[in-house]
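Each of the two complexes below includes chain A, the first together with chain B, the second together with chain C.
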Partner chain A sequence: MAVNILGYMERTSPIHKLSGITKLIVFIIWSSIAMLTYDTRVLLVLLIASLVIFQLSKIQLKDISFVLMIILAFLALNNVAIYVFSPQEGVQIYGSSHVIWDGAGRYNLTWEQLFYQINITLKYFVVIPAALLFILTTHPSELAASLNKVGISYKIGIAVSLALRYIPDIQRDFRTIAQVQQTRGIDLSKNEKLTKRLKNVISIMVPLIFSSLDRIEVISNAMELRSFGKHKKRTWYSARPLLKVDTITLIISLVFFIVAMVITFHDGDRFYNPF
Partner chain B sequence: MRQPIIEFNHFTFKYYSQTDPTLKNIDVTIYQGEKVLILGPSGSGKSTLVHCLNGLAPFSYKGDIEGELLIKGSDTRNLDIFTISRMVGTVLQDTDGQFIGMNVGEDIAFSLENEKVPQHVMKETIQQVAELVELEHHLDHSIHELSGGQKQRVSVGGVMVDEEVEILLFDEPLANLDPATGQYAMELIDRIHEETNKTIIMIEHRLEDALHIDFDRVIVLDEGEVVFNGAPNQLLASHVLNQVHIREPLYLKVLKYSGCMIKPDMGLEHMHTLSIADDCQMKLKQWYTKSKERGREEVSAPVLEVNNLNFRYHQDLVLQNISFSIQQGEMVSIVGKNGAGKSTLSKLICGFETMNSGQIFLEGEDITNQTIFERATHIGFVLQNPNHMISKHMIYDEVALGLVNRGYSEKEIEERVWQTLRVCGLYQFRNWPISALSYGQKKRVTIASILVLEPNVIILDEPTAGQDFRHYTEMMEFLRQLNDNGTTILFITHDMHLMLEYTSRSIVLADGRLIADESAVDVLTNDEIVDKANLKRTSLFDIAVKVGISDPKQFVHHFISYDRKVRARWP
Partner chain C sequence: MKSNLSIRTIVAIGIGAAVYVILGRFLTIPTGIPNTNIETAVAFLAFMAVLFGPIAGGLIGLLGHALKDVLLWGSIWWSWVFVSLFIGLFIGLFARRIAIENGEFGTKQIISFNVVQVIVQVIGWFLLAPLLDIIIYAEPANKVFTQGAVAGVSNIISVGVIGTILLAAYAKTQTKGNSLSKEA
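What follows is the complex of A and B.
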């Protein structure tokens, strides 16, 4: 009934089988490469690899269409903003200017700017599947255990995993509340004017917030009554030991990282310059 | 000599946020291995007592303590919540909200994880505990997939897993369970007690259902004080329950009405142990024949008809071929197992979900394709949790909301809101903020906000959940009044008394099918239906059979109308 916005999806795939800690480290390496490099060749390889891994994970495009739309909207906004605030960024970086279309003042369109923004977009496309995969294929409890293993406090780990766990519950509450409010004429559909719709959202948020506060009180009592926070460390029921495949995956991504860095920086510049 | 494990000595507790103490001068000792039941109406201090026992008060809910509370000889003020929680394990009332783990095994393991137990030891312990609570085949199941009874067993397991816990504290374990599951839960608790000899303390106001197992002692709280502390049979023979408005077992109530002397040695705790002397049997029969009357039976036009309704969720057929019709002015209950599809059925009728096939008629008009909003003018739905419905700060605004959005004039809105508030007994609060109201009053506000639209039919999900007997009676008498004024009422319930007392007819669902549509008395005296739908036969029927009354069903009817008249005289 409810759209699953972002949460663990149980499937049987090689990606699901990897331990949470492996996926976390690969994800960190992966996004470090994507953040550091502007080298189009590296980005393209990463992109293809991302898509292949995504295929392997058996997560369907429709499972994530909602989040994807939001991210794409932000991406578009980001691209527009870059052009508005810095239309000559590409020219500065690549040190040449091939004008495609002559606009007013600084606002002409150059191949360099276009190429630069394509690279930015590519970076998004490299990180998005990796981030989504990490969240969608890692069991929240294992996620908590993994975060803890890389040195983050277990309290933060549990907080993150609880937050992820509550998303479906809160969605369910939201749905029920929205339906009940609809009976009283509070409409969130497109039949209503946008300003009215925004106002109507508030009528749903108030009960949602109050019922969520109730939920928080119950869960924090339940946790406290079962010794949560007593010691500095804790053990994990669902932590998985590293298997051979984990080690192999980790080695491969490390090699990948080094190669990518070498290619990116060997000419002393993070950018690949075709001009 | 028995070892005291919990000692309240002149114990008084006052929350910082309140001016008067919630618990006053409590003097109670509970011994190692005892099974103790704690009763009390809302506001009697039951929950505070639970909080004091498990350490939430004063460590999370701050307050002042006078006197002392000793657990295993140490004053709780000198302990911390972690130490207390290793001695007292609490199974909270909210069966959904208290889970931390995603799957069964992980949730049971939670306290072991926090105690830094190594993973392999943990897995072994959990296997053992899971066997004790009969979940050994469900360890990998996600909590969401479980039934209400299974969820409760997970919470019990999560507490049992710490072997050092000597006291098990159950906060209203029957609240969210259907009657048969509740019975089973009680038996499980009893078995755990036998196998482990842990001290069991249970808070519950469904006395007759709780007494399904034997308790060593019952403590009754009222207005923060202990008004009774003794054996169950002593309590049942006394007037205490009546004074604090806790529902007595019905089989005893009927004996009292008939003028029988109730003595502690009559085997009062259970229907099957009850011995009724000959003179008492005579009195019971006389009482029955003296004032027989028939309930009203009117036949009028159907207001709501459901035809061959089918509903699938993902691939599962949740509701199958449901057909029934509701007459104008009826009060009908929808009952059945946890997860039998009762709420789903109500949501389908209100248009919250779309059914796969079937039709719904309202006063002969096909409303199958109407939107939620359109249907809401005729059918109102009141959720179980009032906090899910209330979105305004002030009572007036909350009740007016539906009318404002339907574009009525200000004058007409005011008139209708005031009128509705009068009907709901909320008129004197019309300028109050909702946050100042009690739970039961909030629930009334939500009913008022639906009622103001003047629907022909109101559907309520568990209208009395979380309310004690007195508030329950108030709420139900209020609904009956509405019903008398012509509103057709349907409600979902787990409470067999509620269904017997207030509804002429019951729709019984089991595993997505409608298995009965007949009078509540007929349903609750039919063993086949009772079994299939996880209900429980009323003890009134049993007592009638026991004393040889020829028409036990009529006897049940008679009791209900008599009892209602008595309760109508409550202050």
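What follows is the complex of A and C.
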């Protein structure tokens, strides 16, 4: 089992220097635009911008290549599924039909369908760099501080940073338990029948979950002893003040959001129709 | 919500989300149908929702699923993340009466837990997930409804089998209420 889980990567880059709050807000704005718009022009600008930002962050392609492979496979599969289930979806949306290739029954290929599927792929794709960058360039403890700064209760912030802090620990627990059970002859591979596998999976889940329940007790007792949650507010060791770059970044992304929304909705339709 | 979150609930949300990520990453059982797995993470979510209540359940669903998506795919499928939030919240809300801390998890509780989980998940996967997919991503309706139904069925099985067994195992570790009797 390879340790293929993403995490914070220490680098010195302009993106790392931005405060966590800025990156969080930009990430939220970014995914909101990607969710709301269906305008190809907006999506293309987002794509180019995110590639540029990615370059700036000094995160190497090889650092994230495994995630990229999974996601590309998913997008390919998704596109096939869309075509199989609804080959005329694009024609319905754009209200015209330019056939490229005549197939059997409703399975012909139209420019509209092609355009629609390119758009949907773009829509999924443009969120990837933003989400990746946010996770790779924001330190977990700074993340908690930034969540609090944007108005979320600090208790939730702590919950998030606890989750990030304990993912490696629980992964280690999981491995130990899985290996112990395998030495006892429990087969997790696909050689077993489904019902047997279900039973074997439970033999790993029970110890993992019960040890995690113990962990919850220990951690909450420790926090209680240190009077966690006594006050309405708290300060953060890893909080960073907003610098000039942060303000500029925030203003730019806000303007970008407004412009994107105006372009998308000015004709009363979220789709851009070139036909 | 700000003041009455107990420390135990907060820690349960954090650790729960972490366990959700690990289970979602490493412990899924392929059913044989392409791209559909029995997700053990959903069973765990239902288990935690019963133990720690609706707020913990909802937030474990939200955080766990969002983190799992980001850490594994580098992207978040907001529509399905929202469904996890919904499932954790409502299983937690309606399963309150089970009172698992009393060590009682007999036939009656098993039935009421499963009735709750089936209703909540049917609404979540069969309706909410496809509708959000259509609203957010404008995917074809028949595709997302099929996807939702397949995911729904496998998750209902997951919670029904694994979730029930986990709760029964947990109930056994708790001291039963009224377990003491007065000697004459």
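Here, the second predicted complex is superposed on the first by the 215 of 275 C-alpha atoms of A that agree within 3 Å, B and C clash if a C-alpha of one lies under 4 Å from a C-alpha of the other, contacts with A are read in each partner's own complex, and residues count from 1 in each chain.
Simple rule for what comes next: contacts are C-beta pairs under 8 Å (C-beta built on N, C-alpha and C of every residue); 3 or more make two chains touch, one makes a residue touch a chain.
From a predicted model like this one, the values you see are computed outputs, not experimental measurements.
S.K.: Using the superposition on chain A described above, determine whether A:Pro207 touches chain B (first), chain C (second), both, or neither.
M.R.: After superposing on A, A:Pro207 lies in contact with chain B but is clear of chain C.
S.K.: Please work out whether A:Leu198 is in contact with chain B alone, chain C alone, both, or neither, and reply first, second, both or neither.
M.R.: Touch partner of A:Leu198: chain C, not chain B.
S.K.: I'd like to know which partner A:Ser238 touches here: chain B for first, chain C for second, both or neither.
M.R.: first
S.K.: Mind working out whether A:Met35 is in touch with chain B, chain C, both or neither, as first, second, both or neither?
M.R.: Touch partner of A:Met35: chain C, not chain B.
S.K.: Which partner chains sit in contact with A:Lys230 here, chain B, chain C, both or neither? Use first/second/both/neither.
M.R.: A:Lys230 contacts chain B only, not chain C.
S.K.: So in the superposed three-chain picture, is A:Arg215 touching just chain B, just chain C, both, or none of them (first/second/both/neither)?
M.R.: Both chain B and chain C are touched by A:Arg215.
S.K.: On the A-aligned overlay, A:Met69 touches which partner chain: chain B = first, chain C = second, or both, or neither?
M.R.: A:Met69 contacts neither chain B nor chain C.
S.K.: Does the superposition put A:Lys155 against chain B (first), chain C (second), both, or neither?
M.R.: Once the two structures are laid over each other on A, A:Lys155 reaches chain C alone.
S.K.: Specify the partner with more touching residues on chain A, choosing between chain B and chain C.
M.R.: The partner with more contacted residues on chain A is C.
S.K.: Quick check on the superposed pair: does A:Gln181 touch chain B, chain C, both, or neither? Answer first, second, both or neither.
M.R.: A:Gln181 contacts chain B only, not chain C.
S.K.: Show me the chain A residues, by the header's touch rule, that chain B contacts in one structure and chain C contacts in the other.
M.R.: On chain A, the overlap between the chain B and chain C contacts is residues 1, 158, 162, 165, 202, 204, 206, 210, 215, 219, 223-224, 228-229.
S.K.: Applying the document's contact rule, which stretches of chain C touch chain A when the two form their complex?
M.R.: So the residues of chain C in touch with chain A come to 1-3, 5, 7-8, 10-19, 21-23, 25-27, 29-32, 35, 38, 40, 43-44, 47, 51, 59, 63-64, 67, 70-76, 78, 136-143, 146-147, 161-162, 165-166, 169-170, 173.
S.K.: Using the touch rule from the top, collect the residues of chain B that touch chain A in their complex.
M.R.: Residues 54-56, 60, 81-82, 85-86, 89-90, 92, 94, 97-102, 105-106, 109-119, 122-123, 126, 158-159, 313, 347, 350, 352-353, 371-373, 375-376, 380-381, 383, 385, 387-392, 401-402, 404-406, 449-450, 453.
S.K.: Which of the residues in chain A end up touching chain C in this complex?
M.R.: Within the complex, chain A contacts chain C at residues 1, 5-7, 31, 35, 38, 64, 67-68, 70-71, 74, 77, 81-82, 84-86, 89, 93, 120, 123-124, 127-128, 131-132, 134-135, 153, 155-156, 158-167, 169-171, 174, 178, 190, 194, 197-198, 201-202, 204-206, 208-210, 212-213, 215-217, 219-220, 223-224, 228-229, 232, 270-271.
S.K.: Note which residues of chain A are touching chain B in the complex, please.
M.R.: Within the complex, chain A contacts chain B at residues 1, 8, 139-141, 158, 162, 165, 173, 176-177, 179-187, 202-204, 206-207, 210-211, 214-215, 218-219, 221-231, 233-239.
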